[in-house]
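Take this structure, written in structure tokens, and hold onto it; I'll ask about it next.
Chain nomenclature is as follows: A, B, C, D, E and F, assigned in order of appearance, with residue numbering initiated at 1 for each chain independently.
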Amino acid sequence: MPELTHLDEHGQARMVDVSGKAATRRVARAQAVVGMAPQTLSLIRDNALGKGDALAVARVAGILAAKRVDELIPLCHTLPLWDVDVEFTFGEDRLTITTTAVTVAPTGIEMEALTAATVAALTIYDMAKAVDKRIEIGEIHLLSKTGGKSGDFTWET
Amino acid sequence: MPELTHLDEHGQARMVDVSGKAATRRVARAQAVVGMAPQTLSLIRDNALGKGDALAVARVAGILAAKRVDELIPLCHTLPLWDVDVEFTFGEDRLTITTTAVTVAPTGIEMEALTAATVAALTIYDMAKAVDKRIEIGEIHLLSKTGGKSGDFTWET
Amino acid sequence: MPELTHLDEHGQARMVDVSGKAATRRVARAQAVVGMAPQTLSLIRDNALGKGDALAVARVAGILAAKRVDELIPLCHTLPLWDVDVEFTFGEDRLTITTTAVTVAPTGIEMEALTAATVAALTIYDMAKAVDKRIEIGEIHLLSKTGGKSGDFTWET
Amino acid sequence: MPELTHLDEHGQARMVDVSGKAATRRVARAQAVVGMAPQTLSLIRDNALGKGDALAVARVAGILAAKRVDELIPLCHTLPLWDVDVEFTFGEDRLTITTTAVTVAPTGIEMEALTAATVAALTIYDMAKAVDKRIEIGEIHLLSKTGGKSGDFTWET
Amino acid sequence: MPELTHLDEHGQARMVDVSGKAATRRVARAQAVVGMAPQTLSLIRDNALGKGDALAVARVAGILAAKRVDELIPLCHTLPLWDVDVEFTFGEDRLTITTTAVTVAPTGIEMEALTAATVAALTIYDMAKAVDKRIEIGEIHLLSKTGGKSGDFTWET
Amino acid sequence: MPELTHLDEHGQARMVDVSGKAATRRVARAQAVVGMAPQTLSLIRDNALGKGDALAVARVAGILAAKRVDELIPLCHTLPLWDVDVEFTFGEDRLTITTTAVTVAPTGIEMEALTAATVAALTIYDMAKAVDKRIEIGEIHLLSKTGGKSGDFTWET
């Protein structure tokens, strides 16, 4: 039966020793969705259609957060993040954030992709919260994952 | 019509000058939900029922993240965080994380409560991801907010 | 004769004890200039005139750096940064970055304004360095300073 | 025609994916100059000629900043900084700071050398600002660069 | 019977809510001792007697660490550190580090003084470890504490 | 005669250039001891025997600090920390913290093991300080070290 790799036989937190594993190229994609009232979303879309900074601020926040995952998530390793990308797609009452993270490392890069999407979402929330207190962030999950011994993965809906 | 307070008339990112506002006591509560397969959740619950560290690691991650919101969310102010609390409630296939953040400051503490909940959720994800790649984080929103000029707020479902 | 306040009578580094001073509103303005070939500057201007992120990335970098001055400059105090603003002005072969920082604190906010301008300039450099290795950053200085016991100051050219 | 590598075809900020590039040894040298009144500079020189800490504080600030470039400059990669050196040369009314940064990595180390010089300069500024409000930092540029596919570079005056 | 203030009735970690307490001036003094072979200590003393940087590097490390206690010690509050001082005293085979930290805050500043002493000690260790693997750090404790409701304290030997 | 590797011939602080050294697997073990009144220690032991968070909070603090050694100790390199482990052993009036750090790198990992032990000790101190002001941290030293050109080392008592 599977066990939680970050907890030892006494239930204590631990990192996973990856010093014996080979570094391979790994790519992870993730998403987060920010749901809000259509008129709130319009303010962001209008800013984006103009020359506004709203999406750029969120993009930068996501990129920077991906580089600090080891400080935020206690049992994560410090990985060299060779690329990270943050994209936005507008729906009627939802903004979807899609991220891609790339490393060459002995362990996976999922948490970097997920953290980039999540912090970008929190940044959108922060910019819009004065006009809409019912914003909700959700649907945060992995989209796909390649590289690594455990095999590739694609999220199926 | 309301406008995005963090964007000026040219659409450029800005902080909001709060130097003229009085510091008042403010409390914000927020939540995040981590959905996963019941057998994955059992591993975490068993760890928690034993003397395991799983929830403590996530709690500490949430508390630390709340103290670093100003580094993660670009346009947030640095507030003195006088208290932050992170609680967990088990459902059948979901773990609900509820946070409370307290400050005495000229501006609100919502982002601290939301970030604590979100980073605690990502930490749970990290510990369980090796056994379940279909974990999903969602329902991240404010629960309530008191103190401050814009009035109290309670999320109604 | 004036002395270096951050060095004691033995020449040793020290912070300056401000615990007995009253908190007052203080504003500091500063600038940095990024000099580069006109065609390099055109690439940035074109990006800015389109809906590009170049200036927003530099602006966010400057804002975030202002919030971390106490970590970067060893003898600086941790001040509550209640506002910080980063503006760009295009010349023919130079991009001028002007910043304003605001606090209510017992000591001045100059380093926050200067650091915001400087890190924004380094971020512009980073984005343009692949096309122009002769970029030069200069003219970094205070523009003005108000509040505080030592009196107001305006840079005169 | 050359393009800004950190901006994609839509003008959006991005890191540059270097996961396919080989790690090679790279060295970058940079400088910053702190201009100030001769009597201000004397205070620093006297401190340095005694056993004072002034230059050591600035040196340490520069070294530490070089190790955090990935947090300060949003689109920079996290590189292993295998060496960094910060030197000071006194002129009549100027203090020149020269830095050298070394890595073995798939991308260049210029920003680390530049950031070390710049933050060392800001630290000197901070220590002297109480006695001289007309300090100016300038002439921040690359001195040389070796290693890497784009060829070696030396700044010619 | 006294209880651990950072653990609630379920044994769970928590911060202590200090939002209802008044800010008062508080001073804490602490120490750490670095024990090493006399010839190792001589190398450091010789460097200090010359114009070397050894003690300045450790002093700066201690000062910077005091400003980041809230990031290092999970349940500590973020306090405004209005002054911190790091002093060194040479013995025959021991270097004593004494620190003083000052705040105006609703809670105490002991951890800042202790962390400054400890990180300064680790920095000395780091500089000397290549010549002496039997360095030992000890006697880390509070020396005194003033301000705050729980009364003043002086360590008696 | 041996010299301090982090200080050059002028006594100035420097990092050590390791860009020419091969990366090898290295393991370091270290300890710290927290001495306190038996009744204080009982409070921690009781918390640990129940389902309390006390040791988990200290463990997480130690793990996170090990990942930030390059920010805390000015002349340390940034190393990939592939594993770190923090264990606790109760004595009558002392809690011993033992750590193990693992890397594959061109230089050693001792400071990471020592810093993890030390910050875990400071975290225990923080949680117990309200009930016992005479806590003392000591006996911080390396236990063993393997890998690297300078040979293996074991602390002999």
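Going forward, contacts are C-beta pairs under 8 Å (C-beta built on N, C-alpha and C of every residue); 3 or more make two chains touch, one makes a residue touch a chain.
A quick note: this is a predicted structure, and the numbers were derived from the prediction, not measured.
J.: Could you tell me which chains make contact with chain B and chain E both?
T.: C, F
J.: For chain D and chain F, what is the smallest step count along a path of chains that touch one another?
T.: Step count on the best path from chain D to chain F: 1.
J.: By the contact definition above, name the pair with the higher C-beta contact count: A-D or E-F.
T.: Between the two chain pairs, E-F has more contacting C-beta pairs.
J.: Which chain has its C-alpha centroid at the greatest distance from the C-alpha centroid of chain D?
T.: B
J.: Rounding to the nearest 5 degrees, give the angle of the rotation that lays the CA atoms of chain B over those of chain C.
T.: Resulting rotation angle: about 120 degrees.
J.: With chain centres taken as the means of their Cα atoms, state the distance from chain A to chain E in Å.
T.: 37
J.: Would you kindly tell me how far, in whole Å, the mean C-alpha position of chain E lies from that of chain C?
T.: That gives a centre separation of 31 Å.
J.: Tell me, which residues of chain D touch at least two other chains?
T.: If we look for residues of chain D contacting two or more partner chains, we find 12-13, 50-51, 53, 56-57, 59-61, 64, 68, 74-75.
J.: Using the contact definition from the top, classify how the chains connect: line, ring, star, complete or other.
T.: other
J.: How do the chains pair up in terms of touching? List each pair.
T.: Pairs flagged as touching, ordered by label: A-B, A-C, A-D, A-F, B-C, B-E, B-F, C-D, C-E, D-E, D-F, E-F.
J.: If you look only at chain F, which of its residues touch chain A in the complex?
T.: Contacts found on chain F: 25, 56, 59-60, 63-64, 67-68, 78, 80-85, 102-104.
J.: Quick one: in the complex, what on chain C touches chain E?
T.: Residues 12-20, 70-71, 74-75, 77-78, 106 of chain C touch chain E in their complex.
J.: Across the complex, what residues on chain C touch chain A?
T.: 48-51, 53, 55-57, 59-61, 64
J.: Please output the residues of chain C touching chain D within their complex, sorted ascending.
T.: 2-7, 10-13, 43-44, 47, 50-54, 56-57, 60-61, 64-65, 68, 72-76, 110-111, 114-115, 118-119, 121-123, 125-131, 133-142, 145, 150, 153, 155
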